[in-house]
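Next, two complexes with subunit A in common: one pairs it with subunit B, the other with subunit C.
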Partner chain A sequence: MMRTKLSWPSVAGVALLLVAPAVVYPVLVMKVLCFALFACAFNLLLGFTGLLSFGHAAFLGTAAYLTGHALKVWEVPTLVGLILGTVGAAALGWVIGSLAIRRQGIYFAMVTLALAQLVFFVLMQAPFTHGDDGLQGVPRGTLFGIDLTNDYALYYLVVALFVGAFWLIRRTIDSPFGQILKAIRENEPRVVSLGYDVARYKLIAFVLSAALAGLAGATKTLVFNFATLGDAHWHMSGEVVLMTLLGGMGTVFGPVVGAALIVTLQNELAVVAGSLVTVIMGAIFVVCVLAFRRGIVGEGIALYRRMIGEKVG
Partner chain B sequence: MTEIFGVPLQALMGQLVLGLVNGSFYAVLSLGLAVIFGMLNIINFTHGALYMMGAMFTWMLLEYTGVGYWWSLLLAPVGVGLIGILIERVLLRHVYKLDHLYGLLLTFGLALMIEGLFRHLYGAAGQPYAVPSQLTGALDLGFMFLPKYRAWVIVASLAVCLFTWYMIEKTRLGAYLRAATENAKLTQALGINVPLMVLLTYGFSVGLAGLAGVLAAPTTQVGPLMGSNLLIVVFAVVVIGGMGSILGSVVTGLGLGLVEGLTKVFYAEAASTVVFIAMAIVLMFRPAGLFGREK
Partner chain C sequence: MQGQPLPGDAHDPPPILETRGLVKEFRGFIAVNGVDLTVRRGHIHALIGPNGAGKTTCFNLLTKFLEPTRGTIRFKGEDITRAAPQAVARRGMVRSFQISSVFPHLSVRDNVRVALQRELGTSFHFWKSGRTLDSLDARAMELLESVGLEKFATMVAVELPYGRKRALELATTLALDPELMLLDEPTQGMGHEDVDRVMELIKQVSANRTILMVEHNMKVVAGICDRITVLARGAVLAEGDYATVSANPAVIEAYMGAESEDLFGEEPTQATSTRVPATEVVS
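For the complex of A and B:
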């Protein structure tokens, strides 16, 4: 059994996160962390199982609303709200996953996209989401007696959640279970012929990915105090694909890098480019697919291997 | 007045016709997707954006040059087809040898670009486009009034589907196309210019999407966002029907349009979701799709 080692990028990353609020606006870092978690969860499917889900916004959005509604209307403690969002997304992931894994490849992508659109329309019509206005004024509450309305207090909670989830994903990838997922990505018929129940493995990976995407959505509601339909829109599903592709699919740190870049870029561009942001996102997509398929981290790893003279496979 | 399950017959028939109109668009678009997938191995995510472009061209032709509906019916699809040819030459040809997923991602990015650009130039709100004067008014069929334009959309779409079927199944060019779909290398070895066939297939299929856009212009608000939501429904149609046969695409498209129309009458809240629910049910009981032949 492989052990998940404490690698120096992880240590450096955690150290950086701990001191970051001293120099950067904590809400921006929290936003990056939410999307990084979302992208890492997505990458577990695309990068390590070879399944392109084009509907991950459904899990982000559903969890965002569930947590928001639980905190605001049912007035549950913050921790319970987070758990409810995550479990809700996992349950939805089980339903969508069981349907989607019945088809392969390109159809899988279309099925997840269509089912996510179904979820979007349901959320749009359901009274508790408040339609286009969104669910506003969600209280952050307290955790173990600490008041989370303080941005710095919430920051360290979000860092803890992110690091925990990131560790879980790494642990999954390195586990025997993760080895089988990678084998499914490389050659599904062979894994079937070896006697593994491929459908079950895919479904577990899908539910885990949905749950973690849900945790990202739940955390996001906590950070911004609101949930909107945009969280569940297919644009959001596209964005997480782009983050993963840009950072490097199938690499551990790629989605984090991709999410940080895209979130920062959107923040900067919203002021100068306005409605052209979508065009720029689309252009990044096209460039990534045509010339940059390994992504930033993937290219970095390839370059490093060339430098130490290892053959790149 | 005649009623069926408490619904006036006139209202029911009206919604069914409207369902058939939507179904015609599903049929034409899913047909194009299927032909492109067969030949290029790409799910063309740009299809919705090009449909939108067909409608926008129609509106622009009238707005800026005064060219009316009937000329647009020819010019807009040709314009969209030419843009498609450009897209194929410059972008798509680089991903044929890669995994299917890259084609989907590339065309998705392209769709975002096109949609974003039109949104930047014309805003998100739609523009109205008048029904051409020859097709205003309605026919009195005795049991219902059938708006002439809706009848025209259904007839024109079916004619287009029939024409495409004839071209692919009954002509020499179609035989080449089927051969290239089956085995591109061998077809090329027999002296048929496969890259040219690929180019023409893509240009023709997105031209069809453009044509659907022209037909749709007077039935809806012409705006940058009209394509993407429709395309996701068409994806569901493709999953339900499979991409194996032209007839399958047409039957599935029209059938789901009717289902949607009926839902509007009896349970309007579910009208926007019923196609996706139908897809889920089909996946449960016939995972390969109704006319499925997985590639």
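For the complex of A and C:
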């Protein structure tokens, strides 16, 4: 009764993740997973609540620094570091969310952007972040006695975190709460007229999204041993929009596909194209918006439905 | 204000919704100007008036989607002038909107379930399976049947024809079992058959509840409404049953250019007369 149905893409995805390090460099996959989680968290807001946050880098960055600082300076256990980053991002999400949800549409996006910039400049000036140098040399530590400096050991922790968070997002989308979120996305005044306190639903969704974006940032610090200002920069907020749109906003797997594609492209192109990477990313964005607005997964689903429809009728 | 206060007839049912001196100003423009409205329990009450008379603004004030500038609103004897719109809905006054307001990309059944699930009290539970909502399916299907939509339950709402969307809206509103339903132009933009069906539907769901509706279609107003309030330029111009209102020269004049016959047709012999031509005062 309470089980969420296992779908074959989920099973195939997990199987693929388990064997991936045999063929792919695990750090690259971990990077993809961090960004995939970031994009999924973002998509919970954009795709399922209809809220375009343009400040999600603030949560990624804050958690990255918080976890890094906790592990390096306070020398807390790894798990505690991850939790601190996530909870910190959730708290920041509550503050920014409470202010932003008072506005709608483009004004909502602008408020989130402005507040995220505020966070960025605080992080730039604060002594513990070491400004442009970044917070270097964050130790990975151990988990249940397992040394995480081993890339393969960390890999399976990251996979576990990602799968857990992804499951939570899916569950949220399908939950009674998720139904109301979708209804808000579809027709907000109508939800109000049915007696729901829309602001509270939006705020909870915002905090959830911020917390999971924070988990992504915390995990990222663990993977790379450092946190930088780039994590909190508005470029990062833009990148997550691109990942989500490219993969398919409002689809469950779209952000994962989008994040995998963007991260891999950036990795490959950095060698051949150098600073042209940003131009190429821009071009991809333009093509995506003009040619396939539903994103890769969204277009795939639409195509599949058309095929089914043709067979039936 | 030329509005005639209601005669204190002992046979009148008690009021469910009352406004006193309701005013809404938008930067100097007065959209609603001192409206005293009394909606009585069990009635189907129509709010009519020419374009820009303030009908929809009135609706928005009553359901608290807009804050009144002045005046009071009482619902079931309680002052709701400063209540939040969702709080008003929870007290049993649920509205519909002028343009059809379904959740376009949810299935027809899920549209109704969104309203039904409020009673479960689990709507904040993001960790619960969606299947916990399956217990609502039987009631959802019942409601869909009551508006003739049971065959469309799995269809995505956006694919429904217009008239059916309005029916779905009605089913969603009914899911909350509201004491007072406010319908904003329920037959707007409909063909004749759809109008007849929705009219029948409204009549049917009005049992045990009160309905206040903005309506342009005089056939509907004459056919099913117990009481009519005419608004013009933000104020009450006339009030009474159909015969009284349609004979009022001020009302006829307010619909400028419309001859008495064009607007109201022949004097209806019965409240349920269908001889009245379905002339619409174009909105």
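Going forward, the second predicted complex is superposed on the first by the 306 of 313 C-alpha atoms of A that agree within 3 Å, B and C clash if a C-alpha of one lies under 4 Å from a C-alpha of the other, contacts with A are read in each partner's own complex, and residues count from 1 in each chain.
We take it that a contact is a pair of C-beta atoms (placed from the backbone, for glycine too) under 8 Å apart; a residue touches a chain by one contact, two chains touch by 3 or more.
Model, not experiment: these values are computed from the prediction.
Engineer: Give one word, clash or fit, describing how subunit B and subunit C relate on subunit A after superposing.
Structural biologist: When both complexes are placed onto subunit A, subunit B and subunit C end up side by side without any clash.
Engineer: Per the contact definition in the header, classify A:Y196: touching subunit B only (first), subunit C only (second), both, or neither.
Structural biologist: second
Engineer: By the touch definition at the top of the document, which applies to A:A153: first (subunit B), second (subunit C), both, or neither?
Structural biologist: In the superposition, A:A153 contacts neither subunit B nor subunit C.
Engineer: On the superposed three-chain arrangement, identify whether subunit B or subunit C touches more subunit A residues.
Structural biologist: Of the two chains, more subunit A residues are contacted by B.
Engineer: So, A:L208: does it touch subunit B (first), subunit C (second), both, or neither?
Structural biologist: A:L208: touches subunit C, not subunit B.
Engineer: Could you look at A:A20 and tell me whether it touches subunit B, subunit C, both or neither (first, second, both, neither)?
Structural biologist: neither
Engineer: A:L245 in the overlay: touching subunit B, subunit C, both, or neither? Say first, second, both or neither.
Structural biologist: After superposing on A, A:L245 lies in contact with subunit B but is clear of subunit C.
Engineer: Scan A:S275 for contacts with subunit B and subunit C and give back first, second, both or neither.
Structural biologist: first
Engineer: What is the contact status of A:A183 with respect to subunit B (first) and subunit C (second): first, second, both, or neither?
Structural biologist: second
Engineer: Which partner does A:L118 contact after superposing on A: first (subunit B), second (subunit C), both, neither?
Structural biologist: Touch partner of A:L118: subunit B, not subunit C.
Engineer: Can you work out, in whole Å, how close the C-alpha atoms of subunit B and subunit C get once everything is superposed?
Structural biologist: 11
Engineer: For subunit A, which residues belong to both interfaces, subunit B and subunit C?
Structural biologist: none
Engineer: Can you check the complex and tell me which residues of subunit A touch subunit B?
Structural biologist: 52, 54, 99-100, 102-107, 109-111, 113-115, 117-118, 121-122, 125, 234, 238, 241-242, 245, 274-279, 281-286, 288-290, 293
Engineer: Can you list the residues on subunit C that touch subunit A in the complex?
Structural biologist: Per the stated touch rule, the residues are 63, 65, 84-87, 89-90, 94-97, 101-106, 110, 113-115, 117-118, 120, 122-133, 172, 176.
Engineer: Note which residues of subunit A are touching subunit C in the complex, please.
Structural biologist: 1-4, 168, 171-172, 174-180, 182-183, 186-187, 189-198, 200-201, 204, 208
Engineer: Given the complex with subunit A, which residues does subunit B contribute to the contact?
Structural biologist: Touch list, subunit B to subunit A: 37, 43, 91, 94-95, 98, 100-102, 104-106, 108-117, 119-120, 228-229, 232-233, 235-236, 238-239, 269, 272-273, 275-277, 279-280, 283-284, 287, 294.
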